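Read from first to last, the chains carry the letters A, B, C and D; within each, the first residue is number 1.
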Amino acid sequence: MILRIPLGRRVAAEALGTGLLALALIGSGLRAAALSTDGGVQLLATTLASVCALGVLIALLAPVSGAHLNPLVTLGLWWHGRGTAQALPAGEAVWYAAAQLTGAVGGALLADLMFGHGALGTARQTHTGAAEWTGEVVATAVLLLVVLGLTRAGQQRLAPVAVAGWITAGIWATASGCFANPALTLGRALSNGYTGIAPGSVPGFAAAQLVGAVLGLGLVRLLFGPARPGVAAGA
Amino acid sequence: MILRIPLGRRVAAEALGTGLLALALIGSGLRAAALSTDGGVQLLATTLASVCALGVLIALLAPVSGAHLNPLVTLGLWWHGRGTAQALPAGEAVWYAAAQLTGAVGGALLADLMFGHGALGTARQTHTGAAEWTGEVVATAVLLLVVLGLTRAGQQRLAPVAVAGWITAGIWATASGCFANPALTLGRALSNGYTGIAPGSVPGFAAAQLVGAVLGLGLVRLLFGPARPGVAAGA
Amino acid sequence: MILRIPLGRRVAAEALGTGLLALALIGSGLRAAALSTDGGVQLLATTLASVCALGVLIALLAPVSGAHLNPLVTLGLWWHGRGTAQALPAGEAVWYAAAQLTGAVGGALLADLMFGHGALGTARQTHTGAAEWTGEVVATAVLLLVVLGLTRAGQQRLAPVAVAGWITAGIWATASGCFANPALTLGRALSNGYTGIAPGSVPGFAAAQLVGAVLGLGLVRLLFGPARPGVAAGA
Amino acid sequence: MILRIPLGRRVAAEALGTGLLALALIGSGLRAAALSTDGGVQLLATTLASVCALGVLIALLAPVSGAHLNPLVTLGLWWHGRGTAQALPAGEAVWYAAAQLTGAVGGALLADLMFGHGALGTARQTHTGAAEWTGEVVATAVLLLVVLGLTRAGQQRLAPVAVAGWITAGIWATASGCFANPALTLGRALSNGYTGIAPGSVPGFAAAQLVGAVLGLGLVRLLFGPARPGVAAGA
C-alpha cells in the first residue's frame, strides 16, 4: 500500500517525475526542431522521447507515489476512490498537484537552460478554438479511462505501456496535440520553443482538460459499471 | 467470463473502442499529411499512432467486451466458439458488428470535425484490382490467425502487442495497406483524407476481407488442429 | 512439449511463418522505396515492418513448431539439444529447413506479385567483401546467442521481443544489414527490389552465416557454461 | 544468485555485452549518417538501434553477470549493496569495469573496420561546456535512479525496457545526448564518426557522469528510503 509511504517521499516522487517528463517533452522538442527540417520527423522524435520518459517514470515511481504525474489523474483517482480504504485523502491530493506543477516548472527551466534558451520565458504559439478544445476533451477523457479502467480491471501493471500508447496516438490524432495534463501545460507555457503554448491559451486548455476528465470518469462508469467499495481506486 | 457482463456495456465498449481506433487512424493521417513532405514519414507516423491506439484499446477493453473492434474478428470468434459454453450468441454478434460500424462512422466524423474537413464527406482514393484484393486477403487471414491462434494457445494476454505488431507489418508489406476491418473501411470511406478509400472500392475490399477471414479460420485449423470443445474461442 | 505436435503441422508452421517473414521484409522494402526519398526513412520503415512481423510470428508459432523460421536456428537448436530428451531429431530438422526455404521463396513470390514486380526475378545488388561477411558473422552469432542464451536461462518467453530487438540493432549496425538467415537470403535473391541480394553473393553470405552460427554456439558455451543434460535446448 | 557464477564467465559477459553495445551505437551512427540527409532521421535511427541492442543485452546477460555494461552502474550497485550478502566484492567490480572498457574499445574497433573507417582513430566532435555537462549529470543520475529504483522495488525484470526507455528519452532531451557511460564514452572517442567525442572532451564528460551517479544514489535514497540490509542491491 503506497499510502503507508511517508507523504514527503511521495510528493518528491511526483515533483521529480513530472519535472523529468516536462524536461523530456520540452527538451526533445527543442532538439528535434534544431535537427530536422521535416515537420513529421520533428513530431515523431518528440513523441518517441516523451512517451518513453512517461512509460519509464510510471513504472519506476508507481511503487512510491502511484506515479500520477498529472493533477487530473490525481483528481480522478481521488474522486474514484473516495469513501474507500485506499482513498487518497483530499489534503494529500492537493500536495500531489502542487508538486506536479512545481516539478513541471522546474523541468521547463532545466530544458531551457540546457538548450540555451535562457531561464523561463513565455511561449508564443496560440492554441485555441473549438477544434483544439475538443481535442483536449477527447485526449484527457481517454487518458482517465485508460488509467481508471486498468485499475478497475486489476491490470495496473499495464499502465506504463498503455498510458504511453494512448499519448502516442493522441499526439497525432487529436487537433490539440494531446497535452491532457495541466502541469505540463503550465511548463510548456513557460518555455518558448517547439512544444510551447501561449499563456493566453492556457485557461481554455485547462478548462477543456477538466471537462475531459469528468467525461472520462463517466466513461469508466459506463464501461466498467459502478465501483464496488473496497475494490476501487488503487493509486 | 466476459459473457456475464451486461450486453449494453459490452456494446458500448465495442462502439467506443472502434470509434477511437477510427479517430486515431484518420486523425493521425490528416496530421501526418499536413506536417511532412516525405511519404515514408507520413505512413510511419500514421502507422505508429494507429497501432498504439489499437494495442491500448485491446488491452483496456478486453476485460469488458473482448475488444473485437472488427466485425470479422467477431465473426471469427463466433464461428470458432459455436457449440461451446463460451460461445458468443449470434444475436450478440450482430449487436457487436452494429456497434463497431456505428463507432467507426462516429470516429471518422470526429476526426473530420477536429481537423477542419467538415462533417463526413466521401473519400476519392480508388483502391481496387487483384493486387490490392490479394493484400486484403492476406492481411485479414493473418489477423484472424493471430487472434484465434493466440486464443488456442492460451496466450490471449499477448493479443494487444501481437495484433498491433501484425498490423504494423501489414500496413507496409501488403499492397492494400492492411485495412483488414470492414468497420474501419466504412469509416475511411466517409473521410476524404490521407487514409480514405472511395466508396466504390469498398465492396471489393469487404469481399476480400471476408475471403481472408475464412482463409484465416482454415489456417488456424491447419496449424492448431481441430478445436477441442470447452477449450476454444475465448472472446 | 511441441515435439508431440504432428510433424506436418509443425512443418506447415515453419513454411507459413518464414513465408510471411519474407513477405514482410521484401514487401515493406518495395513500399518504402516507392514512398520515401530519404534512405534513412526507407530503412527505418523496412526495419519496423520486418521486426514487428518477426516478433509476432515467433510469439504465435512458438507453441506449434518452436518458431525457428531460420535453418541456422534449427541447426543450432538441434546441435544444442542433441542427446537430450527434448532433442529435435535430425530428420525433422531437415524437414524444418526445407519448409523454411520453400516458405521464403513463396513469400518473395507473393511480395513481387502484389507490388507488380512480376513473378520471381533475380536481384542485382551485390553484397560481398570482408566487411559484409564480417557483418553476417556477427549478426548470426549474436542471433544464435540470443536464441540459445534465453533458452539456457529459461527465458524463452522473451524471445519474440529479444530476437526482434537484436535484428533491429543488427540491420543498422552491421555492414551487411543483418540477413542472418539463409532462407530469407534465398528469398531476397529471388526478388529484385530494395531488399535484394544478387544470386552470386548468396554463397558468401551463407558461408558467413554458418561461421557465425558456429561462433554463436561457442559464445553460448562461454557465457552460459556447458549444457546440463535434460535442461538444454528447448525448441 | 549470479555471484555463484564463475567470475570469468561474468567478466566475459560484461566485455562482450559492452562491446556489442558500442558496436550498435557507433555502427548505426555511421550507417544512418551515410543513408539519410535529415539530421532528425539520423538520430532517430541511431537511437532505435542503440536502445534495442541495450534492452536485448540487458535481458540476455542479466542472468549471467547482472548486465551492468557500464562502470558507473557497477559502481552504483557496489555502493548500494556494500555490507549485504548480495554485495559485489570491490575486486570483482574492478574486473567488471576493466571488461566494460575493453569491450567498448573492441566494439568501436569492429564498427570502424566494418564501415571502412580504418582501425581506431580519434573523434573530432567537441562536447564541452556547462550545458552538456549538466546534460550528462541529469542523464546519469536518472539512469542510476532507474536501475537502483527498480531493484529496490523488486522490479528488476522491467530493467531491459525501462533502461532502454530512459536512454531513448535522454538522447533527445539532454543537451549532451545522454552518453551516461564512461565505457561507451571511451569507445566513442576512438571512432571518428557520427557518434564521436573528441578525446579532449572525455575527462569533462566522465567527471559529469560521476557527479550524476552520486546524485542518482542520493535520489534513490530520497525516493525509496534507506536500504534495508539483506534486501538491497541485487546486481
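Here is the rule we go by: a contact is a pair of C-beta atoms (placed from the backbone, for glycine too) under 8 Å apart; a residue touches a chain by one contact, two chains touch by 3 or more.
Bear in mind that the values here come from a model prediction, so they are computed numbers and not experimental data.
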Neighbouring chains common to chain C and chain D, by label: none
Whole-Å gap separating chain B and chain C, where each centre is the average of the chain's CA atoms: 29
Centroid distance [mean C-alpha coordinates] between chain D and chain B, Å: 41
Sequence positions of chain B contacting 2 or more other chains: 38, 41-42, 44
Chain-level touch network, classified as line, ring, star, complete or other: ring
Touching pairs among all chains present in the structure: A-B, A-D, B-C, C-D
Residue numbers on chain B that touch chain C, as the complex places them: 38-44, 47, 131, 134-135, 138, 142, 145-146, 149-150, 153, 155, 158, 161-162, 165-166, 168-169, 171-175, 219, 222-225
List of chain D residues in touch with chain C within their complex: 6, 9, 12-13, 16, 20, 23-28, 31-32, 35-38, 41-42, 44-46, 48-50, 52-53, 55-56, 59-61, 63-64, 110-111, 113-116
